[in-house]
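The following pair of complexes shares a single chain, chain A, combined with chain B in the former and chain C in the latter.
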Partner chain A sequence: MSGRSPWPRVLLAAMTVLALLWVAPLFWMFATGVKPTPEIFATPPRLLPGMPTGDHVHVVLTRWPFARWLLNSVIVATATTALSVIVSIPAAYVFTRLRWWGRDALFLVFLSSMLIPLEVNVIPLYFLMNRLHLLNTYPAVFLPMIGMPIGIFLLRQFFVNIPAELDDAARVDGCGNLRILWHVILPLSRPALAALVIYMFTFAWNEFFWSMIALSSPRMFTLPIGLRALQGAYDIDYGILMAGASLAALPALVLFLFLQQSIIRGITMTAHK
Partner chain B sequence: MLRHPRLVSTAEIALFLLPFAAFWILFRLGPVLYGFYISLFRWDLLGEVTFIGLGNYATLARDPRFWNALRNTLGFAALAIPLIVGIGLLLALFVFGVRHSRAGRWLEAGFFFPYLLTVSVVGLIWRWMMDPDFGVLLIVLRSLGLGAPPFLNEPRWVIPALALTTAWWLAGYRMVLFRAALEDIPDELYEAARLDGASGARIFLSIVLPLLRPAVLFALVLTTISGFIVFGQVLIMTAGGPGRASEVLALYLYRYGFEFLQMGQAAAVGVVLFVIILGLTLLSFRWLGYESHL
Partner chain C sequence: MGAEARPARPAVRAAARVGRRGLTRRERRAAAVAYAFLTPALVLLGVFTFYPVLFGTALALFDYDVISPPRFVGLAHFRAMAEDRYFWIALGNSVKFLLVVPVLQGLSIALAVTVNKPVRGIRWFRAAYYLPVVTSMVAVGLMWRWLLEQDGVVNWLLLSIGALARPVAWLGDPDLALYAVMFVTLWKGLGFYMVIYLVGLQAISPEVEEAAVVDGATRWQVFRRVTLPLLRPSILLASTISAMAALKVFEEVYVMTGGGPMFRTYTMFYYIFDRGFQQLDMGYAAALAVVLAGAILALSAVNFRIFREGGWTYH
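Moving on to the complex of A and B:
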């Protein structure tokens, strides 16, 4: 795979075609969302909208609290991310920088639970949130996403590589654990923190099963749940459905265009030794 | 001399762990136990609750609809997992091959982006593309002279169609992880192999693949787990249909819990899923050594 053989060029050309095909469904979504209904169902299908229209977008935005869904998604994802980061940092610290009895055993327990998805718990969570009178609120959605061991693991991988001498030096200067964490460890851990933020935000932004159960009133819906409601109302009115899907995909697309490399790097770190 | 005497008090450790542990216990461990407890009761239509021990599990074992859901879930997993991991690996090799070019990054971004879409968007797009009458995918396939059955309406095709959709959604994520693993392989290894006259295929089989093994196995475990809880794309694209040909376990759980209000039976499905997934996790620790998760 050296840089001089003709291979990379052929490969690049082939891949460009493949990548275009790969994103074609997105193109089709955007195109359908702005086509007048007769064009949507034209045979043979037209690639580009002949007379683009904002009608479908208009229906989505005026008959549905779409902006509110977006806001709800932002609130839920931000709360999930902020709280997970806050609780994971001190826990990752005591698992890496300190030695204590039972540490590895406890870590293994958290580790075994890491891959247990939220989905298996929806029934008990529903009962729990009902008792706490939290159903149909933001906390009902974000609270279960906070104690996810992935946060500890991600930070831990990073913390273990910070030399212990730094802690020792700070300790000699009379720093306690809290100050070491704040002044020594965290400033060195920005990439890991960024990775965790990206991971948690995407996770919360896309959560579907539990949110659908926890949220019942349309004004509380997050984007994925709102789209599902849209489908329930218009079933096969694909113009409206694709307009809604386009609007829901837009924030991710815009963010990704700006933060593409940091997002990919952050996602990479979640499985990187 | 200051190497080890870390002066740590138990109280301080507890305090540092507490915020995380509280959430973990309340919303992860607690619900697992609570779910098991709920699964020991039966809800009748008037909301009357009766303790029936393991009766719900016996009901599941006798319910053909449950076995159908399990079979569909396994069928989906058996198709989706190799598709996601295989396509992810292939794309990673491609992207790695052109990693030095600027265009390479854009290509990678293109393959990766679907992962950032919510499952509703993915499900709606593919449902539209596979619409029996106007789906562009079917129309294109037919115009190429290929037989294209209305995938989502055919019991035999619906699970493969869902698996394909899921692969489009998630393969980019696997690609990024594999590409990172490829970058971890030192360049000297390739150089040495090439000096020894090894071919590209040989290098791939004897160097790249063995070194990627941990990453691939880990991806298999994660993908298997996400296969077991597949839900959103099924709900949006087929709602379990046609008939019950794509009713998967999570959908079965949802329906029994929130449509038929059989909370105990639904909770029992959750417990079954939990046991399967915990089993897979522990198995993967054995295969990979739990260190590989760190």
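Moving on to the complex of A and C:
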């Protein structure tokens, strides 16, 4: 329990098997996507494709606006992440560094809104976006997501632990709130900001239900919605479906494996005081 | 006494006046800064969360099919639910889906404690469980539908090691489909909750656990009596998120079973989607959403009672 002893051999074996169980399905998805159709349904199943083919990938990329879906996903996820960070930082600042009338009551309001998931609001949001003439646009998808208070909470948890003496010292030196935020708080909060960026990006990248309601024109689809359209078109043609799923999953997986050291560290470091 | 008190009074009053005025100005300034900094967040929260809640609750009292103007029906939708067998089926399945929460949280805690060690290559283990988290549920759902097909690789594996006598239609068998979908939820979510618990574990100083070991506690005792109680804030957070996700489960079902077979995986949110966006019965769908939101709030309140400070004792 002390975290000092390495794993006994049995545990290492068990953990290896479990980790493989978590990775193997993804491997199978990628393998299926590049197998010629007869190999896909061969018994016994072939672990690796005997004659890898790009046919399924070709179908997905040429018959469907897949590149456009990718672009849409990148735009939506980037906008959601950037705006959410910009909105959450000053909010978390005033909730932790300043005392003012109504603070605790207002914080409760934000806190209670955490219990209202986006999905519960889809019907009124649909009418609201319709009224604003925003259906089928990027803002329709990202505006409700940047309204989620999760970012404020994540940052607040971190800001709370930054000693108040640092603010006081800066104030004595004549710094205003903006400069304290920019020069004192933010440089110390990189792990929390990293965690927020990762959380929001993943959330927006994978968001499905509201996007499906807000986007009806195929050229505006994000990747998950496009993938669902593929399912509607090919049903159990698993070569094409797995090629599409692989292509949709690949950018996030590559990015994750590329950044994984800093990602997991960034997330776990938010608890350090 | 009187002579002492008299000269003090004006001084006190003056001090109070200066103090009040000074404080008020500073307070006013702080409040002005605070509300200025909060404006974007407040506007977004108001427009895209609270306004929809009010609007949705009001809509639940109307009949609205998008084409003809809304007609006020009062609480008729809520009364109609009592007789609506699809409502009870959907609610039942969503509640059953909550079974995934304790299993998922237990496994995530066990996993987090296990990988919270400086073993060589540990980051690859952590990464393995996190890969499904960064993959969209649609991709994951399609993938598992393929793996769980009757002639899929899961059946082949289980048949070849002798765990099954004949292939099982995991997603087609009315008695199994919901559990198969729950397994996929678990598979996708494990890494996410593992990280929440890793964060919680890092906030526990090793000295506390070491002190317990010095006092002669076994590993299990340290875990039960020290680690687990100290993890309570993480458990509260993770189980609240997980229970909310279970009650509003949709994507897994939509992609893998379409609510079938025989409505056995038909969930509350699926019903809201069908009634609202397929049948354009927006008033009734809004009423269903109100019920779902109520269930989420009630469950979160219970959860908070169990896991808040002092609400869960071991001794």
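Note that the second predicted complex is superposed on the first by the 257 of 273 C-alpha atoms of A that agree within 3 Å, B and C clash if a C-alpha of one lies under 4 Å from a C-alpha of the other, contacts with A are read in each partner's own complex, and residues count from 1 in each chain.
Simple rule for what comes next: a contact is a pair of C-beta atoms (placed from the backbone, for glycine too) under 8 Å apart; a residue touches a chain by one contact, two chains touch by 3 or more.
Quick caveat: nothing in here was measured; it's all calculated off a predicted structure.
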Side-by-side fit of chain B and chain C on chain A, or clash: clash
- prompt: What is the contact status of A:Trp100 with respect to chain B (first) and chain C (second): first, second, both, or neither?
  reply: both
Task: Would you check which partner chain A:Asn206 touches, where first means chain B only, second means chain C only, and both and neither mean what they say?
output: both
Task: Using the touch definition from the top, say if A:Phe258 reaches chain B (first), chain C (second), both or neither.
output: neither
Query: Once the two structures are fitted together, what part of chain A is touched by chain B and by chain C alike?
result: 1, 3, 7, 11-12, 15, 19-20, 22-23, 25-26, 28-29, 32, 41, 43-45, 86-88, 90-91, 93-94, 98-100, 110, 113, 115-117, 119-125, 127-128, 143-144, 146-149, 152, 177, 202, 205-206, 208-209, 213, 223-224, 227-228, 231, 236, 238, 241-242, 244-245, 248-249, 252-253, 256, 260-261, 263-264, 267-268, 270-273
- prompt: Once bound in the complex, which stretches of chain A touch chain B?
  reply: 1, 3, 7-8, 11-12, 15-16, 18-20, 22-23, 25-26, 28-29, 32, 40-41, 43-45, 83, 86-88, 90-91, 93-94, 97-100, 108, 110-117, 119-128, 143-144, 146-149, 151-153, 156-157, 164, 167-168, 171-172, 177, 202, 205-206, 208-209, 213, 223-225, 227-228, 231, 236, 238, 241-242, 244-245, 248-249, 252-253, 256, 260-261, 263-264, 267-268, 270-273
Field: Residue ranges of chain A touching chain C (in the complex, touch as defined)
entry: 1-7, 11-12, 15, 19-20, 22-23, 25-26, 28-29, 32, 41, 43-45, 86-88, 90-91, 93-94, 98-103, 106, 109-110, 113, 115-117, 119-125, 127-128, 143-144, 146-149, 152, 177, 202, 205-206, 208-209, 213, 223-224, 227-228, 231, 236, 238, 241-242, 244-246, 248-249, 252-253, 255-257, 260-261, 263-264, 267-273
- prompt: Which part of chain B faces chain A closely enough to touch in the complex?
  reply: 2-4, 6, 8, 10, 12-13, 15-17, 19-32, 34-35, 38, 94-98, 100-101, 103-121, 124-126, 128-129, 131, 134, 136, 139, 143, 168, 173, 176-177, 179-180, 184, 190, 200, 215, 218, 221-222, 225-226, 229, 231-232, 235-236, 250, 253-254, 257-258, 263, 266-267, 270-271, 273-274, 277-278, 280-282, 285, 290, 293-294
- request: Going by the contact rule at the top, pick out the chain C residues touching chain A in the complex.
  value: 27, 30-31, 33-34, 37-38, 40-41, 44-45, 47-53, 55-56, 59, 113-120, 123-139, 142-144, 146-147, 149, 151, 153, 156, 160, 187, 190-191, 195, 198-200, 202-203, 206, 209-210, 213, 219, 222-223, 226-227, 240, 244, 248, 250-251, 254-255, 269, 272-273, 276-277, 282, 285-286, 289, 292-293, 296-297, 300
